[in-house]
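One chain, subunit A, links the two complexes that follow: it is found with subunit B in the first and with subunit C in the second.
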Partner chain A sequence: MGANFTWVMIGCALIGAGASAVGVFSFLRKQALVGDAIAHSLLPGVALAFIIGGEKSIWVLFPGAFIAGWLSILSIEFITKSSKIKPDTAIAIVLTVFFGIGIVMLTHIQQSSYGNQSGLEDFLFGKAAAMLPSDIALFAIVDLVLISSIALTYPYLKLYSFDPEYSRAIGLPVRFIQFTLSSLTVLAVASGIQAVGVVLMSALIITPAAAARFFTSRLSQMIILAMLIGLVSAVGGVYISSLAFKMPTGPWVVMILSILAISAFVFAPSKGMVSRYNKRKEHQLKVRSENLLKLFFKLEEKGESNHFSRTELLNHRKFEGRDLETILKSLLGKRLLARSQDSFSLTEEGREEATRVVRIHRLWELYLNKRMSIAADHVHHDAEAIEHIITPELEQELLKDLGYPELDPHKQEIPGTKNLKP
Partner chain B sequence: MIAFEAHNLTVSYDKQPVLWDIDFEIPEGKLVGIIGPNGSGKTTLIKAAMGILEADSGFVKIFEKSPDEIRERMGYVPQRQSVDWDFPATVMDITMMGRYRKGKLFGRLSKADREIAVDSLKRVGMYDFRDRQISELSGGQQQRVFIARSLAQQADIYLMDEPFVGIDAASEESILNILREMRSAGKTVIMVHHDLHTALEFFDWVVLLNTRLVAAGSKDEVLTEENLRTAYGGKLNVLSRIADLVKRQEYPLREEDSKE
Partner chain C sequence: MNDFWIILEGSLVAVSCGLLGAYLILRKMAMVGDAISHAVLPGIVIAYLVAQSRSSILLLLGAALFGLLSTFLIEILAKKARIQSDASIGITFTWLFAIGVILVSLYSGNADIDQDCVLYGDIAFVPLDTLFLGERDLGPTPIWLQGFNLFLVIAMIRIGYRGFLITSFDPSFSSGLGIKTDTWHYVLMGAVSFTVVLSFNAVGAILVVAFLVVPPATAYLLSNQLQTMMIYTVIFGVLSALIGFYLATWWSASISGAMAVASGILFLGVLVYQKLLRKRKKFLAITN
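Our next item is the complex of A and B:
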């Protein structure tokens, strides 16, 4: 460890951040597989560069990787353009052919005079420790190119990623944008051959972007967050693999990436699974609570009494499992219901809320009946859903449109409209 | 002046022609409907005119020039489904895209551009949504954002692919009024349109397509029973007309409903 290890960490940080920034655009353009094809296709380039250059320095191998990556993109494009083969098939063909050739060349190198010392197989799954301080300069240059290109052409990249046809229609230099994006992607992927390896490098392109998308809906923030996630995973992966696990670096980087991505998927605020589940539950409870309030209102309307026991409530509406208890508890907590011994009644606020829901229900029925000419016996079902959604502003508009009506299509009173008249 | 000319235009996918030897002209200052059954090549015609698709033979001229020379003056509204609305961008972001130009170095926009975008949003009634994520819009609202983006282009000729799909009657009327105003200002608006009934009321010029050109000209000349039968074959019976009407009976509140 020591000084050299610090350099390795810095190198990995640069690689992780750069690759993730470019990856945001691959992700948004749904080109995840292209990244994978490029990564696998680097192998023959690396092998050939080694044979020609005779050494394992990244400065020698990187150009080979870059050219091979570009060739793979051109091959995919050529296959899709000149045949009926669909892009995903073309990607699979290019990936396997290039990678296959790469493995053959690798085997050849290992069996020939270069001997086993070549260590070229490290490029399959990555071995960050092989990084030299002098390599860091290369990664710094790559990052500089990546980030400044993105910053300079950001508006174009954004428009092109969202709507390529429109970009062409307004005469943007689409070929140039495509070329830029492809070059940046190849650069980013190629920079990871040492630290992550060709087999897993595409994860560092796509996964940070996918995770970042859960947290933000702003492209600029998404890029920064993805860079952060990529950086943390790359550095973290290298650190863990250095703890004498004698493992290649790539798998550890991907492990950390995956943990981060899965956490984002599950826990991210508002878009994560947990939060979405809670929101759904909340809405469900709201709907059910409003329905129970409505039941109180209607029973009162019939003039039966104001106090109802659980059994009476259950007689009028079906509740599953402990639903009734949950709803009662929530309504009691909000002081919309009051309880005396075993019976429940509406509080002042509860009656107001119940009135509101019933009013919207009947207003909507009337609206459907009057304005949309839907028969009176067909409007109830729709109103059951709408009553939980309509906002006060919309309610006002409905009231105004219908002239503050007092009776719904079933000739029942629409409660409380008088008080709402301006 | 001739605003739009298609000359012996043939366009194919995988060597299968979907537009065949199309030949017609549209004078300047008209509201034009491109009409035809599903798969008749309407979208293809628009894309060929915008230079998104290449023609096998023939060409399109806009104001007597090739589209490439005159893109600054061409506004475009693609079909809504042509993009992924889950893209991280706001309504304002998308509208501003209408201000990008080939010449503008690296796409930096000015304050004036911003004002034009704001004005376009106001005209389609989407200004209040300017900071909303596009993924949180209803279909009709997305469509209006696309129309706003094209208005921000401040073009002289507009090509729109079914701009009224999913838009409620009130918004349709107000957007139509914008288009009529533009026509009065001498602009040409060409749109793919699906509804034969409203076509009669909307347009003053109609292009009737079915892979081949069935007819093009003023609406009274083109929308004859015979032409329609040629274009739609036996498919155009009373039932489909009624189905069309029913489809248009959208709840006026649907857009508001879909708010979270």
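Our next item is the complex of A and C:
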């Protein structure tokens, strides 16, 4: 704890924020795992720098790592461009062969096949505790470079990330953009690797971006949110790992990052799993309620009566399990149905709603029949689906286009069109 | 004799990994192999804590179970949470790996387990672990285990050849035919997990990916037929082990690392050779 602890926290926060910002672009280009490949591929660069420099300073190791990272990107590109090998296989090949080269170099330096593997361990898990103020200067410079490059080329990056083909077609300097993005990724990974290790670096590239995507569809917001998630996880991870002796920092940062991300996947508003589940249920209930109202309308149309019991309803339409009860309850709650003893009838509002659904159904049948030339006996299914979706505006368009018709293709009345005529 | 055992173990690992890897490549799941190799770590630690022993079948099963679990998680993230597949792979394996490392450091004080034994492994130790039947020396235990696993892998591929083939090339067509695509998927993933774990003590967590992916990828360059591809995979796998071993003794470096490098050199050789061949053909076509 103490002064050193503060430095470590600042350093990790800087690494986290920088890598997360760059990660957004890897994520959007569906190249999230390239970060992982770069991270593993840095090992030979680190080893080479160690042989040449002889000193384990980050300022010596950093250029070696940067070159190795760039080589790995070029190798992946070379493999996918000059053969039928798919990108994921190319990434796996480069990742593991580069790592193998690194292991061979390290073991060669140490002149033993097993021996002292602490160098490798630091590379895999990072040595956050050994961070020096001079390292933090490097992280700050790297972050500054990353953020200002992103800000300067932002419009290009944005267009390229979402539609590379289009940006190529309109003559954007695509090669330059690719070069910039790759350089930024290598820069972020290479600068942080000594402090936080390979695995955390991969997680920092991928996970914050994936989580941020669940909250926003705007690139600028996504970058800021991802940086925030990376920063919070880094600070939290450093704090938790400081609580116990010999606790590794990197894995705790990944742990917090993953928990944050998974919470986002489950609970995020509108895109999260819970929210999507609720929306689906809501829509299901709406569709089923409208179908039941339609049933009431059609039964009334046949002139049988106005009141129907559960068995009568079940005779005309199948409902699964307790579905009918749920739908009846919801419709009674909305005062679209009224109940007297064991039978149900439409209220005024209910009839209006039922009329609307039946009208849209029959209008659509007519539209398909007239404008699309689909046979009258083939239009029902389409109309069953679309009747729950058509908005009042679309309904108006349909009415206008078809000239406020009164009969559908089955010669049944389209209810309520007269009242809608302007 | 030791040299022979090491090369044999390397070849066994390369062949059983490579045969399964051929399917991974065809299914565009090469990185799932990487994910499994990281995700088994917590399984090894938990099984070790339960069994209190380092050489136990429980350790293998626990680890393989976590490998399978990781593929489940990847599927859930991709299908239920609708995260693009590369990100769901990345999130899953970094998370499980982090859990594993945290568990190791939580219990490293009172247990005989550390990162070395699960992450690095060393093929040079293979001949030291000898299996005895009474007084008789039957050769190294890892050779027997890996040999048995190779037998299982080959049996599985022979029995399920058509099933794996059709679910690899056209999953939607095969589910249309009523073939249980998911079952085949998880059987394959189970086999990959088990093989990866079994290969750990020889080659370590990260280099096992080299044996899974590189020889079959080299074979894929040369063939469009699964059967031919598998034969090439065996050849390139054994060659990688052989060349790797001699490179390692020449450089006095890690044997498994050198085997990975050798497989990479073979891959690059075939790739460049084919490229030159194509260029020559083009050149001849133009000059004619």
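Here are a few things to note about the model shown:
Just so it is clear, the second predicted complex is superposed on the first by the 382 of 422 C-alpha atoms of A that agree within 3 Å, B and C clash if a C-alpha of one lies under 4 Å from a C-alpha of the other, contacts with A are read in each partner's own complex, and residues count from 1 in each chain.
Definition applied: a contact is a pair of C-beta atoms (placed from the backbone, for glycine too) under 8 Å apart; a residue touches a chain by one contact, two chains touch by 3 or more.
Because the structure is predicted, anything quoted here is derived from the model rather than measured.
The partner that reaches more residues of subunit A, of the two candidates subunit B and subunit C, is C.
By the touch criterion stated above, A:Ala376 is placed in contact with neither subunit B nor subunit C. Look at A:Ile51: by the touch rule set out above, it reaches neither subunit B nor subunit C. In the superposition on chain A, A:Ile389 makes contact with subunit B only, while subunit C stays out of contact range. When the shared chain is aligned, subunit B and subunit C each come close enough to touch A:Lys84.
After overlaying the two complexes on the shared chain, residue contacts for A:Ala338 are found with neither subunit B nor subunit C.
Common to the subunit B and subunit C contact sets on subunit A are residues 30, 84.
On the side of subunit B, the complex with subunit A involves touching residues 14, 47, 50-52, 68, 71-72, 74, 76, 78, 82-84, 87-89, 93-94, 97, 100-102, 106-109, 133, 135, 153, 249, 251-253, 256-257. Of all residues in subunit C, only 25, 28-31, 33-34, 38, 77, 80-81, 83-84, 86-87, 89-91, 94-95, 97-99, 101-102, 105, 108-109, 115-116, 119-120, 122, 124-125, 206-207, 209-210, 212-214, 217, 220-221, 247-248, 251-261, 263-264, 267, 271, 274-275 touch subunit A in the complex they form.
For subunit A in complex with subunit B, the residues that touch the partner chain are 28, 30, 84, 152-156, 158-159, 161-163, 165-166, 168-173, 213, 216-219, 222, 371-372, 386, 389-391, 394.
Of all residues in subunit A, those touching subunit C in their complex are 27, 30-33, 35-36, 40, 79, 82-86, 88-89, 91-93, 95-97, 99-108, 111-114, 117, 120-121, 124-125, 199-200, 202-203, 205-207, 209-210, 246-248, 250-252, 254-255, 258, 261, 265-266, 273.
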